[in-house]
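Both complexes below contain chain A, partnered by chain B and then by chain C.
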Partner chain A sequence: MIDVIIVGAGPAGLSAANVCAKNGLKVKVVDEFMKAGGRLLGQLHEEPDGTWWNGIEEAKKLSEDAQELNVAVECGVSVHNIKQEKSYWKVYTTKGDFKTRALLLATGAAETSLPIPGWTLPGVMSIGAAQVMTNVHRVRVGERGVVIGINILSAAITRELQLAGIEVSSMYLPGKNIVTEDAAKPLSTMKSMLKVASLAPSKLIRLGSYFMKYESLQSLAVRFYPKNGMKVWGMPVHLRKAVLEIVGDKKVEGVKVAQVDVNGEPILSTEKFVPADFVCIAGGLYPLVELAAISGCPFQYIAELGGHVPVHNENMKTPIDGLYVAGNITGIESAKVAMKQGAVAGYSISMDLLKTDVNIEDQLQQAINHVKQTRNQATIQFHPDIHSGREKIHASFKNTLRTDI
Partner chain B sequence: MRDHKTIICRCEEVSLEDLVRTAESYRCSSRELKLRTRAGMGQCGGRTCRALVDSITQKCTNDSTPHDIPLGYQAPIRPITFSIMGEKKDE
Partner chain C sequence: MSKGRIIDHPILGRLDEREEVHFTFDENKLIGYEGETIAAALLANGERVLRCHEETGKLRGIYCNIGHCMECRVNVGNQKSVRACLTVIQEGMEVKSGRKLPTPFKKGETQ
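Now for the complex of A and B:
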């Protein structure tokens, strides 16, 4: 029997593992990717104070600590099922089945797609795939591409592609259909870009802080948004142009682009062909909750957290005995928040398994405060109302317990 | 407009047009939409189209998103071989 199994070797999972191991627990981490670090491995961006966030370095630090603490980290292993038995969890993996007293799910997030005609052609990929190819595998995704979907994630990754010497000729909205609707509206796209972060293209922000104050100015800004886009890092960002179709014979050869009205409806007479040999689609992120869903854990739909999330409290405990969650599975936030949440889960598990130690309780409280501080200072925020989302999910945990009695 | 050309489920090749037409005629749940069109029933297990199918259902029926996950998950949550599934060994 293992004390703790952690699914996911991202910032949340590794941080939790290290805390558990420091407290003397026997820990095993499994991850289906071939390298530990989760989404950290792709991250490289400049903070507003001019320092750089280098995810590969952060992942390396976490992995080295894990190694020193004798945490067993196994990569290339998928967990395909989990079951609660009387006093333990059974974890089914592609390399054997294991019993554990506590189970932490730190499976991170998945990407939402934006389906438009031609998106199944070779050469079309999610923006996250482009990030992994560029920063992890060091493979060139193409010579000259376009990005569809304007949001905080695509802005950050497009910049990474540029830094790697890959040309992105433009960023566009997706052509509007029933599924892409929300991402296809110029005004709501602009608003969300203005709110989310300092990482957002700086010019948009500068323009934005002025327009932010006045609702009426925002729609004016969209109405008079330059036809040739606004240049950010030398690349035009088009809030008034959408990709209606991706075209190519056996692979991507380009995109059909048209101007759109303020509601995102295309003006067909303006349709033009723009050549490209790769296309990145960026529809945003949602918590990856598959394992929590088959565990029988109750769920809440909370838009501010990115979708359906397993019910849990500030200690990262679910209402199910021995089942914990941390990181993006609990809501979409930056890697720094995920790390702090992982530490909370680590203390929480240690306290439950070791029971007696009062010391851990103080550390747990401190770790919870660190999550809040980090959240307040976050430069990357995926949703402007993250705080209210957190309050809602914690309240739902209390309600779940109440109805159980 | 171009919905017949927009594939939603790659594995089963179901278009946006098919899904919207079915959702509008039957005003059905995501699960029923899946069973009627086979969207999400291919070999990837709906890992790409699940969220899209859910959003089509919601928009066509004008429902708000329920707290329970509309399209349930079932183990195994990854495609695995029969030999892995049949394995009886513990630890």
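Now for the complex of A and C:
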């Protein structure tokens, strides 16, 4: 029997593994991808102090620590089922079934897609796909592309594509339809972008931090948003233009773009064809929770956390015995927060499995404080009300326990 | 060979030298590099189309690139429906694109 199985070798999973192993537990980490590091692997951005956050290096550090601590990290392994038995969990993988005393789900996030006519054409991909191709595989996704969806993730990755010498000609809103909802509305997109003021010095953002304070000015800014877009990193960002259709015969040849009114409704007479050999769709991230769902863990829908999340407390424990969660499965935040959450889960599991050790309790408390500190200092914040989202999910953990009694 | 690849990068540095891996895609001989996925090797060779929709025949390529969307299913040797974005390319691998399947019970279609 293994002490701890961790699903996901990303920032949360590896950090948790290393803490557990330091406390003498026998740990196994499994991940579907062929390299450990999770979405850290693609990340590359400049911090406000001018240093670079290089996810590949961060992943390497975590992996090397794991190796030194004798953590078994197995890549290319998919988990397709988990089952709670009387005193252990059974984990079903593509490389055999395993028994474990504690199970940590650190499965991360997936990307929300924005269905737009033509989105299944070869050459259309999620923005994260382009990130992995560019920074991890070092393969060009194309010569000249457009990005559909204006949000923190697409802004950061578009910058990464530019760094690698791949031209992105413009960023547009998605055409309005039943699915694209808020992402297609200029005002709500503007509002969410204004909250990322620290991402990079740019006209849009400088302007934004001013408009942020005044609701009426925000709609004015959208109303008078320049027709040719506002240039960020030399590339026009169009809050008043949307992609209505992706066009191509056997693969992407371009997009049909039109101006939109302040509500995101297209002005059809303004339709124009923009050539492109690749298109990235950026709909944002949501917690990847399937394994938690089949475990019987209760869920809450919390918009601030990015969707449905398994109920858990500050210790990263779910109401189900021996089941823990950490990282983006608990809500969409930066990799730095995920790493700290992983450490919390590691101490929490160690405390539960090694009941005699009193020191761990202090370390757990410290680790919880580190999560809060990191959250407060985060450069990349996916949701402005993340704190209230965290309070809601922790409160629902208390309520779950109460109703059980 | 290097056309589809990002050899030099201002922050990540120069791409490491890697061993070549020879494989076929629908019987065309192609070259990839050790440790990379089928999806990466194919895209670097300019192959965007990985399969077609089993019923409509519409062409498909990679979408999410991290194993979630299942759009990049290809056949490898005798193995059907392998995710190209998660499977590492191996020397001598025979990769085949997914084909349209017959729909004998669909209204208005024969055979």
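List of remarks:
Just so it is clear, the second predicted complex is superposed on the first by the 401 of 405 C-alpha atoms of A that agree within 3 Å, B and C clash if a C-alpha of one lies under 4 Å from a C-alpha of the other, contacts with A are read in each partner's own complex, and residues count from 1 in each chain.
Rule of thumb we're sticking to: a residue touches a chain if its C-beta (ideal position, glycine included) is under 8 Å from a C-beta of that chain, and two chains touch if they have at least 3 such contacts.
The shown structure was predicted, so the numbers you read here are calculated from the model rather than taken from an experiment.
After superposition on chain A, the partners chain B and chain C are seen to fit next to each other with no clash. Once the two complexes are overlaid on the shared chain, A:His80 sits against chain B while remaining clear of chain C. By the document's definition of touching, of the two partners only chain C reaches A:Leu163; chain B does not. Judged by the touch definition given at the top, the superposed model places A:Thr120 against both chain B and chain C. With both structures placed on the common chain, the touch criterion links A:Gln300 to chain B but leaves chain C unconnected.
Of the two partner chains placed by superposition, only chain C is touched by A:Val139; chain B is not. Legend: residue contacts after superposition of the two complexes on their common chain; A:Phe224 is shown touching neither chain B nor chain C.
Judged by the touch definition given at the top, the superposed model places A:Gly128 against chain C, while chain B stays out of reach. With chain A used as the common frame, chain B approaches chain C to a shortest CA-CA distance of 5 Å. On chain A, the patch touched by chain B and the patch touched by chain C overlap at residues 32, 78, 110, 113, 120. Contact residues on chain C toward chain A in their complex (touch as defined above): 3-7, 9-12, 15, 35-37, 40, 43-44, 48-50, 53, 58-69, 71, 85-86, 88. Contact residues on chain A toward chain C in their complex (touch as defined above): 32-34, 39, 44, 52, 54, 56, 76, 78, 110-111, 113, 120-126, 128-130, 132-135, 137-141, 163-166, 250-251, 288. Listed in rising order, the residues of chain A touching chain B in the complex are 32, 78-82, 92, 94, 96-99, 110, 112-113, 115-120, 175, 177-179, 181, 244-245, 286, 289-291, 293-294, 298-301, 303, 307-308.
Considering their complex, residues 2-3, 5-8, 10, 16, 20, 47-48, 51-52, 55-56, 59-60, 65-69, 72-78, 80, 84, 87, 89-91 of chain B touch chain A.
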